[in-house]
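One chain, chain A, links the two complexes that follow: it is found with chain B in the first and with chain C in the second.
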Partner chain A sequence: MYSNVVVPRQWTRLACLCRSLATIEGQKVPQTSKSSDGISPPPRIPRGPTDILQALAATVGNDPTAAHYKYHDDPYLIPLSNFRKRAYALSAEAGRKAAAWIRDEHAELFTTRVWDPPTKIKTPYFNADPKIEAFAPKPIYNDESKYFKLLGGVSGVNEELKLQFLQLLCFYNEREPDSMEWLEERWFSANMRDRQAATWRLGGLADQIFESMDPKTPEAYCAMIQGMAKYYQAERAHNMAQEAISKGIPLSTSVYNALIGCIGFLKEGTALRIEALKNILGQMNDQGISPNDETLSACLRSLSAWGGGKVLQQMALQTLAEFRQLGIQPGLAAYYYLLCLFCKERGPRFDILSTIITELEKKESLDAKEPADTNFFITAMGVCSDHLQDINMAERLHAILMKGDNYKLVGDAYKESIYYRHYVTVACRHAPFEKTLELLDTLIPNIYVPEPSVMEEIIKTLEVGGAGDRLAQTWSQLVVFGHGKRVKLVERLLEAMINTYPGQEPEIQSKMRAAAADMLDFGQAASEEQETKDIRSPVQKLSASAVCNIIELCSDTKDKADPNWKSVDEALSRLRREEAAGVPARPQALAEVAQKATTVGLPGIAAAAVTYLAECGFEEAMSASVRVLGTMLNRPEKEVETLLTEQHSSLAGSLHPAAQAVAEAYNLAKTGGPVLQDTERPSSSSDSDSESSSDDE
Partner chain B sequence: MNTSIIKLLQSGFGTSSVIAQCSPILASQLHTSAPLCRVVSGKYRITKKRDRPLTYEMANPPHYIAHRKSWNSWNTSNLKDGLRRSETAVEDEFIRRFMNGTWHSLVCSEVIIKRQFNHIRVAAIIRHAVSPTKMYFLLGYSEELLSNWLQCPVTLELQTVDSFKDVVFKYI
Partner chain C sequence: MKLRFRRDFRLIVRCLSDKPSDGDGKVPESKEKPAVTQKSSENATEKIQELLKLMLAEPKIKESEYKDKFATAPVIQRRKKGDEIEVKTEKIEESITKAAGEVAQAIGGNVKQTEAELLSRVLGKINQSSTTLSDLLVGMKVDRSKEGEDQKPQETRGQQVKRLVSKAKVTQETRYSQRKAKPAGGEQRGERRKAPAVSEPTIVNIFSGQPLGIFKAKDANYGTTLDVWENLKQRELTLATSQQPANYFQKMILWTEQGKIWKFPINNEQGLEEEQNVHFSEHIFLDAHLEGWCPKKGPIRHFMELVCVGLSKNAFYTVQEKKDHIMWYKEYFESKKDLLTEVGAWDQAAKTNAEASQN
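And now, the complex of A and B:
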């Protein structure tokens, strides 16, 4: 397709080549001899083809304010909750999978082939450039496809192919490996903890092939033993290893590593197991096989899997010291097993993490060598948070993870979120307040969306720090993260807001009021949604204390026209309809709200509050109603009290309906039942009351 | 966009196999209708009721390209000594049709195609008519299929708007 290259282009190319040759020539000179004018350019550094790209990439850091690059950069398409993050990434991958299916099923539609090397797909292109390979053949991992039979079965295949096939089968245990193509699925698949059960297929294809091999080569033995040990067929693996040794067949280091890994399946009891471990290591020594770093991590893995206790810990430290003498440094996986062994949840404190971190800080970059390497950071952060409760250690650990290319060791989405859960928790509990805020700002919401338990921790921190505006923001975060319907969290947040409310700037206070009013509306919308859409799981209602907190927050205004009074009214009516669980914890607050409402000039709300108090049977109802009525009627409290006690029946009809309601509430609180009857309403009134009733209108 | 080219292409664009076949023919016939283009192409007729919605891009006739509006295809094929002239034109048209068909009745603007090195970036404005999850599905699907057809990395760069009304510049 690039055929129309004309001759002049060739000439320019040639000239370009000459120029570059000249420059190379020019650069070589100063290497050997110093130039006469005193300028000595640095010696030439040989560069790889991607070095410039890597250098450019290194200048761009991560932007924590932007979503991950796998998400589309558009407000509508940026996910803000854990559920959405997962759903969006997986849907994009589902789309790619659908496309791949079309590509494989309808290969005749894909006629161009200029890719080199080609992608791995099942079907070759039709009518495509024959010079480029159509597809790389897929390896056979099991015998379900019967390809092996077609090739000639165990008798018809030559020994070399048999051995390679055997190695493949043993490595994958005759199962299709997880696809490397679909990254998101791997990233989001729930923690795939490898089951520690004997999954090796007895009498399978691998066994058949091994039987049929006539001169059983050392490679075949190694493959078989490793396969069995890897899939926990421990006894057979050990028997075969003994057989091989007695026949004088040399075994490799990795075979011994695999055998060490499954000692626990052979022996019971710590003492016997340690004995067996020492035996195997001794065997290695007898055979003249030198251990490697995988041997160390296999030893530690076995030791950590056998429980805890002084003996095992001693043994682990001995092993570590001996391997150090051999010049083998522990890797991340080894450190992970050490942490598992020493830092138990409720055990005594062991500060081995600080030495590990010091070791790791010395390294330029960390390489992933084993699958267990990805467990290190999450476990270490867990140790920082639960075991050591040390924020400095956590920060140092996080710095190591962020250094260079180390972030690849974080594992998958599940591990990442647990890592940050530990990190945020320890920061909230032990870090200085300013630092915690900084951390929260960088992590949330693009890198990490806190789970409810972490959210509670954050709210607690903000409450202690007295950050009112942050608490108001937290409400919107709760909604965005999908925690808005978690009543426990909302109640906790309201409590925190009430505690921090006094002493804030007026502007922040108004923000907090708005948030409280919004909580009420959100709850209303949620319950309406439940009614209309017939959702199974019932929406939990806010407790009465929480609603009281909302009322208290919203009522803090001196303006009669403030829309927050509407929220107060709504909340009160909800309380009276008994739509909130329990009774308020602080009735005193409601009494104060009633008083406030009266002074502002909203007697209806005051009456509702007092009546609710009386209906609930709080003692505060009496004093509150007296005070409210006193304010309404503009009389001293004493006078009102005598008025109420002596001639309550005569008050009826002459009062403003709200004032009357307050009076009724007083009686209700006093006697436990309404006293004023409808028939008594139109009775005569004293002249003093008729005067006073006019001033609240 | 050049209407005459579209008319020319419309006859034979069922499957992509046809693209490969007719690309040399197209290359030779591209300029035959130039005088007509100057008067009619890229301009929209005023309706009686004056209710035809135009986006900003549609509202500006072709001679405003590079003054008030910009190109819809960005590549170096049309420069002097440019490579793959006809292939680029045909591929661009193919991408446009694919986008309009896959994101059916969702695309609210012209599809902008930018080529850099071996990388094709496709930009468009999409309506919020389907859920974000479905949009992500379509994103992955179109990127994968297009990159298999065009044999190079394809990236979709979409912006979303609430409704088509948000992109209407005027009614004529």
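And now, the complex of A and C:
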């Protein structure tokens, strides 16, 4: 009786278990078959840990008007010049490094960590995946360190570990590799091209370990040869390769790639080197080792390093054809070396880029295969700009870089900025004006901050395009980008503004006037700063022509109360104090300003302008002073002239001080002002005048 | 007469300045031109009128004369080589003459005269060779040859103009020498900066080479592989192409890859991969490891049971570590066996063990 009851209970339990098992399985196994009730949930798609994040990241568009994400923290601190961008990013990184240091060195401070028990030595950061590099134990790099000896030294470590260690030593030549953790450091470190010299450490730890290995495995040989060849210890590498071959040790493609890379160190002269290259390739074939895409780029790299010329170019094309026959397509690095080989600065112009771009446009996305790939875009853009001077090509190239994930191939900050330097230069020179403006608006200042040379190019473009408002903006850009103290640029900008000023809208003209006045103030502030802070390098002064341009711009107003007249006054006094280099290129402009000032009713400024002209000894001073005086006294010029030819002493006292000054300027000019400022002033010049100028000298 | 002339002149100027924008509808050039012309128009008017009279005396401008004048541009003299430039020079002339003709047609009236006026303006300015406009026009020609033939003339013109306006400035001079040189300034400024290479680039098809014929196609054999070396190579490559995250999601991706945050979907056994195949009961029921050495009762047994409870709650030790931990106590107690026996704790254990085995 009891059993009757028990069995059904057991049955229900079993059924329950089965159901739960089915549901557990249902979660894990994709259901492909249709269920009986007609509902068929889609099969489960297995996803990686970052798949969803990547999908989300893909929805975030690129906004060129916004600062980079790393600068977002505080809008007030968003950096706009190259220097500040670098300083900001590296400071942030330094903060992160400090935090990591505290985490590592003072783990006991973090007492409330639940998931990262700091006392646990084996996995110091519980979240951390022990397999990733950043947390892996640091390798031991040089023989000075005691660690290797503590492990047992050359004799105490087992062969497998020794081999791995040997590879590590050979790869980095016993030097500390860059950290994966600190991205900003890598981004901003100016990665110069590898020094092409034998830097391999002879008799170092790697050599010791290799000596101690017995039997010497093919892996050990390969590691040693590759390491030596990588650091250009060419002769030894080749000898060791010969030794290995004679012993019947199988080498590898990578070994041959490395050997090809250092042929130039063994042989002199193009013909011999090409011969050696062919020999090595032949040897590879004899050993039955297949080449790969790195073999191709290694060949081209060597060829491009040996200079230029028809023979090498021919050889490069032949190599390319040979590898294509084997089904090996050139990668970005190979294209880069080809560009180096064909597009020389002072050589004949070859257009190989169009073929390359057409080839690259066919691809969906570009994969980086070797670090040299990052050189391609910068070099190709340089070729577009300097060698071919072709904006269409540049735009196509840029489109490729912007496609998909390709932007990672731009390399680092240094390469990126050179890339854009070339791009903006070629656009300024050859692109239609509207398009250039569009490009500038997109790139500047968040993606790229132009260097002075590029800035000059941009100013030229704006000048020719007659974009007055943009020129006025350019001044504020110059200040923001930290180029405000570059006198050459400011002078160039002023010249451009003067050339485009007439014919602009009144509103824009007033903006330009404001910019010009601001330049004056900025220069003033800079020189004051120099005095107060005792800066060693002197602040350069604007040239007289530039100051004159400012005066001309600022004086274009009919309103006596306009604050710009103050700037004019200031600029004139600066000219008279000889704080500007040289003399104005267009004195007639100053004469016109004097005339304008008189009509407006500012005789003081007019007098200053005319006196300055006379002091510099311009012929314009005479006619200008006559005209100014005519306007002042409201008399015809003839009458004024006769008046002036009289003894000037008779005039003294009867005239307004400003008019008096003008009259004196006339006399100064007439009697032949000082040709050189060193020569003594003629005695006929008035006392007050000579006093004032001697004060300045 | 004079009034009419002036009006005509203005009209022509406007037409001339509008001309480039007819071609491709580019605004910038048409904007830039009036700026220049307006500035120079005042003082140039008299000069132009004189020139016009002069030009009108002759029936029409000759091609050869035109060419001569253009050829005075220093750059062309210097770089003159082959017919290529020659051809292009003619092209520019033709296009300007043609353009002038079209404008004249558009204005109507005395077509010949208008055309002559236009051309004389262009040529007259070139002879002055100091103002901006002349530079522009000469420059057009110089730079013209730099461009690819396939481009539209109007577009090219704009580009060349840009380059020329920006010609190198006269170097800074001292007050004195600058003054002295002033009368000659016009000629000095006329100097062109050296023009870059102007020839058309040779198109080389990079896939046109003959194979060397060294390799025979056969099965791929890359020889000895070095795993550490390959890994390091991959690492360097990632390093070379790595960039800072551009938004928060990318930052999360980076952190996930660096192992700083939980992987999604979140699994709280992350980082415990080596324990994946160990059943949880092995973590919890540790008493089995006491069997065989630990006394059945007494203080040592009590202590060891507590150790087991503690270990069973520890989520951070692996099973092996827990076992090792227990074994450490075993060894510890055994090393202290003498003392423990004296006290009576171990003796008892030994006794009970013996009893147990007897039973």
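As a working rule, the second predicted complex is superposed on the first by the 587 of 697 C-alpha atoms of A that agree within 3 Å, B and C clash if a C-alpha of one lies under 4 Å from a C-alpha of the other, contacts with A are read in each partner's own complex, and residues count from 1 in each chain.
Everything below uses one rule, namely that a contact is a pair of C-beta atoms (placed from the backbone, for glycine too) under 8 Å apart; a residue touches a chain by one contact, two chains touch by 3 or more.
Since the model is a prediction, treat every value here as computed from it, not as a measurement.
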Have a look at where A:Gly282 lands relative to chain B and chain C in the superposition and call it first, second, both or neither. second
Mind working out whether A:Leu161 is in touch with chain B, chain C, both or neither, as first, second, both or neither? neither
Applying the document's definition of touch, where does A:Leu272 land relative to chain B and chain C: first, second, both, or neither? neither
Using the touch definition from the top, say if A:Arg103 reaches chain B (first), chain C (second), both or neither. first
Quick one: classify A:Thr461 as touching chain B (first), chain C (second), both or neither. second
With both complexes overlaid on chain A, does A:Ala525 touch chain B (first), chain C (second), both or neither? neither
Pick one for A:Ala66: touches chain B only (first), chain C only (second), both, or neither. neither
Winner on chain A touched-residue count between chain B and chain C: chain C
Which partner does A:Ala57 contact after superposing on A: first (chain B), second (chain C), both, neither? second
Where on chain A do the contacts from chain B and from chain C line up? 89, 127
Chain A partner contacts - residues on chain C that touch it in the complex: 24, 26-29, 31-32, 34-36, 38-39, 132, 146, 148, 155, 158-159, 161-163, 165-166, 169, 172-176, 178-179, 196-197, 199-226, 228-229, 232-233, 235-253, 256-264, 270-271, 316
Write out the stretch or stretches of chain B touching chain A in their complex. 15-17, 20, 81, 83-84, 87, 128, 132-145, 148-151, 156-160
Using the touch definition from the top, list the residues of chain A that touch chain B in their complex. 1-2, 4, 6, 9, 72-77, 79, 84, 87-89, 91-100, 102-103, 109-115, 119, 127
